[in-house]
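Each of the next two complexes has subunit A plus one more chain, namely subunit B in the first and subunit C in the second.
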Partner chain A sequence: MVKLKDVCIGLSLAVVAAIVSYLIISYNIASVAPEANRPLANMFLENVFNSEKWWLWAGSPEAVTSILWDYRGIDTVYETAVFFLAIIASIALVRTLKLTPETSGRGFGLTVIAKTVTNIVFASIPIVAYSIAVHGHLTPGGGFQGGSAFAVAPLLAISVFSLRVIVMRGWSKDRLLALRTTGLLLIGLIAIIVVALSALKGIIAYVMQNQPKPWAPAGLSAIVDFINPTLISGTLFWLNISEFLAVGAGLSLVFVLLVSPTKMLDVEVEEK
Partner chain B sequence: MTKRIIASIIATTLFLMAIYIVYTGAITPMDILLGLVGSSIIASFTADMLLRNPNKLIDVRRWLYFLAYAFIYLTVIELKAHLQVVKIILHPKTPVNPSIVRIPYEVTSDYAKTTIANSITNTPGTVVVDIDDIRKVFYVHWINAKSIEDREARKHVSSTFEKYAKKIFD
Partner chain C sequence: MILEVIGWIGISLLAIGALMDVIAAIGINKFKNFYLRLHAATVGIIGGAFYPLLGLGLLSLSLEQLGVIRFYIAGISFTSAFFVLITAPVGSHILARAAHRVGVMPEPIGVDRLKEDREKGVFK
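Right after this comes the complex of A and B.
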């Protein structure tokens, strides 16, 4: 039965919500997003894929990816480095942890029904994540988003199959960290590859440069010829793949470490 | 042995490639190249989880039974189950007899068990609560149990599903 108290609470909450939203919208207490684009947004939308203004374009129709990896590319490199250091720090906290099949639980998992369905989903998530990453220069998404989507796969597998199964399948701390580091190294390499290539020709170029500028005519081609001319947006495509590797392995590593039983930690510490 | 692994990887690659194409929504040569690279890498890690006996995949009869089952399940069986539950909901007295019954099964492969379990759960009125792999029974919550005896309940709930699942996957 519905109690009078519950009705009163519900009604008063609804009244408060109605009054607050009326005040916010009618008296400009909080700003409401304007319908027209701001000048900055229009500037990006005009230039990001405008080959007539080739000195301003990023070679990609995806404005967000262009801003992330081209216009403010160095910022994203440092951001990835910060994320990397955060993961290194969290591994340092649990450095006594050794992930082996013997120490990672009994490994029963859920029922055969859940496991069979998860087998299919576990294989499908990485391919969708990969597609998000390799089309990051064309459609919303990119390396970070793809990597985050990828990390759902180990998370799901840990909860359905158990940590032990994941460890037995080779998702070890060292291997994931190696993949993560490879991704970051590749980003660093792509950041300087245009500089290195143009230095050979005696041209000055910028770190993280993507498309040529009139005063620095260096850069990777936005369009490659593979049977048909295909848009890969210069460095953006490669940066997205590297970021996919770095973020996918990094987040998977964090998930594996987070679900490790504390018992494993205690035993190792006592032995020392 | 190695032949079977290679066959599994190829089949899994094709399956992942289909997901990739549907998700990407483009088939330029570059998309196909990237898709093949990605799916074969992922397939080499996951093929052993998805397929144990890839020979079953090239058996045309299994595919025909699969199509027939998909058609019958999605049209006739689902419609019947929905109508029964609609009747219960609209009936003024709500004639229900909720109980958890044991439904035995005789299939052996994981895919067959999962097909039966998901078929039971997807039809309104019955939900698989648990599975006992040793005694070979599902525990099924049935909104309007017509019988709580194992064999009799199976006849009502899962006999059609099991007949097809056995032919498709076992």
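Right after this comes the complex of A and C.
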């Protein structure tokens, strides 16, 4: 049954892996991660939800979201812009594409069994995705993760119901791009809203500022009295929702474009 | 008392799940053709993922020292179990359909009603 050759290959691979890992660890080629947190991590963990040090806090117990959208928020804004440009470029590649129900395949889809179950799953994906996005300042997750989870819905629907059904339900290129752009515009608006509001009062504030600082006493309040006092962490909640809109629509658009058949490209326009 | 019973049911479901996973792994390695291996894979999903998730939910409900968190764990476990239960058969169904459509046939084959129906035009 078991060949001697297979045993030899397996054993020699195991020996090589063991020797290489021993060498790497014992000669400090790559150091093993320490068990204790690094000083930087401790600094973030101490300050991120510490209302006694209100000049350093982000108002959110979720350290990753705080770092992404507060401590280095401008970086994330530009990251979103880069992603937007990548999608613009991919649309420019297929700019002659015409997404109409007539051109987008036969539209049979898979069997009744698959369609029935996909109906149930399809309805629950946006709920989960939205929940990930709006709890982004409380639990791991956030706008990007929520949007990525949402983009599974069109992917699933395309593979089970066919592209034609998706196009007939109104998932058009322009509409998805409009949603994507709306999300990015909202992020840009939230980035400067604190500056604009504080400029009316004559205070100087930072772009992408979330919580007030002693030298720039402006910012959105971390707790909002909506039915109950609710923690929304200032701008983080709104940024997460905008990012959810942007990423969900953008990835859906890319998936719709990726599965479009080549004959949907209007070649005559290209020849002119 | 009732909580203890629920807890033991949960633990036994977890044990059944571990056993099912081993059986499925043996089946994947030993079975001869695609359809039989698909059967083993489905044993691994339903037996090795659905039962343990159900058992985890029941077990966490029985542990009062967890406080309110046990309802979160149980809720997430039951929801995941439900989705595994309804999606796993569809996955294997679609795989089997695709394999049949591209002509993967087990050897030896006695009767193939699906092929007959497709030739008659009942199915596309």
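Note that the second predicted complex is superposed on the first by the 265 of 272 C-alpha atoms of A that agree within 3 Å, B and C clash if a C-alpha of one lies under 4 Å from a C-alpha of the other, contacts with A are read in each partner's own complex, and residues count from 1 in each chain.
Keep in mind that, in the parts below, contacts are C-beta pairs under 8 Å (C-beta built on N, C-alpha and C of every residue); 3 or more make two chains touch, one makes a residue touch a chain.
Everything numeric in this text was worked out from a predicted model, so none of it was measured.
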Overlay on subunit A: subunit C relative to subunit B, clash or fit: fit
Partner chain(s) touched by A:L4 [first = subunit B, second = subunit C, both, neither]: neither
Partner chain(s) touched by A:V117 [first = subunit B, second = subunit C, both, neither]: both
Which of subunit B and subunit C A:T230 touches, first, second, both or neither: first
Touched partner set for A:A89, first subunit B, second subunit C, both or neither: neither
Which of subunit B and subunit C A:L200 touches, first, second, both or neither: neither
First (subunit B), second (subunit C), both or neither touched by A:Y130: first
Contacts of A:A33 with subunit B and subunit C, given as first, second, both or neither: neither
Where subunit B and subunit C come nearest after superposition, their Cα distance in Å: 5
Common interface positions of subunit A, toward subunit B and toward subunit C: 111, 113, 117, 120, 124
Residue ranges of subunit A in contact with subunit B within the complex: 111-113, 115-117, 119-120, 122-124, 126-128, 130-131, 134-135, 169, 224, 226-228, 230, 232
Residue ranges of subunit C touching subunit A (in the complex, touch as defined): 83, 86-87, 89-90, 93-94, 97, 124
Complex contact set, residues of subunit B against subunit A: 12, 15-16, 19-20, 23-24, 28-30, 33-35, 38-39, 42-43, 45-46, 49-50, 110-111, 113-114, 117-118, 128, 130-131, 133
Residues of subunit A touching subunit C in the complex: 108, 110-111, 113-114, 117-118, 120-121, 124
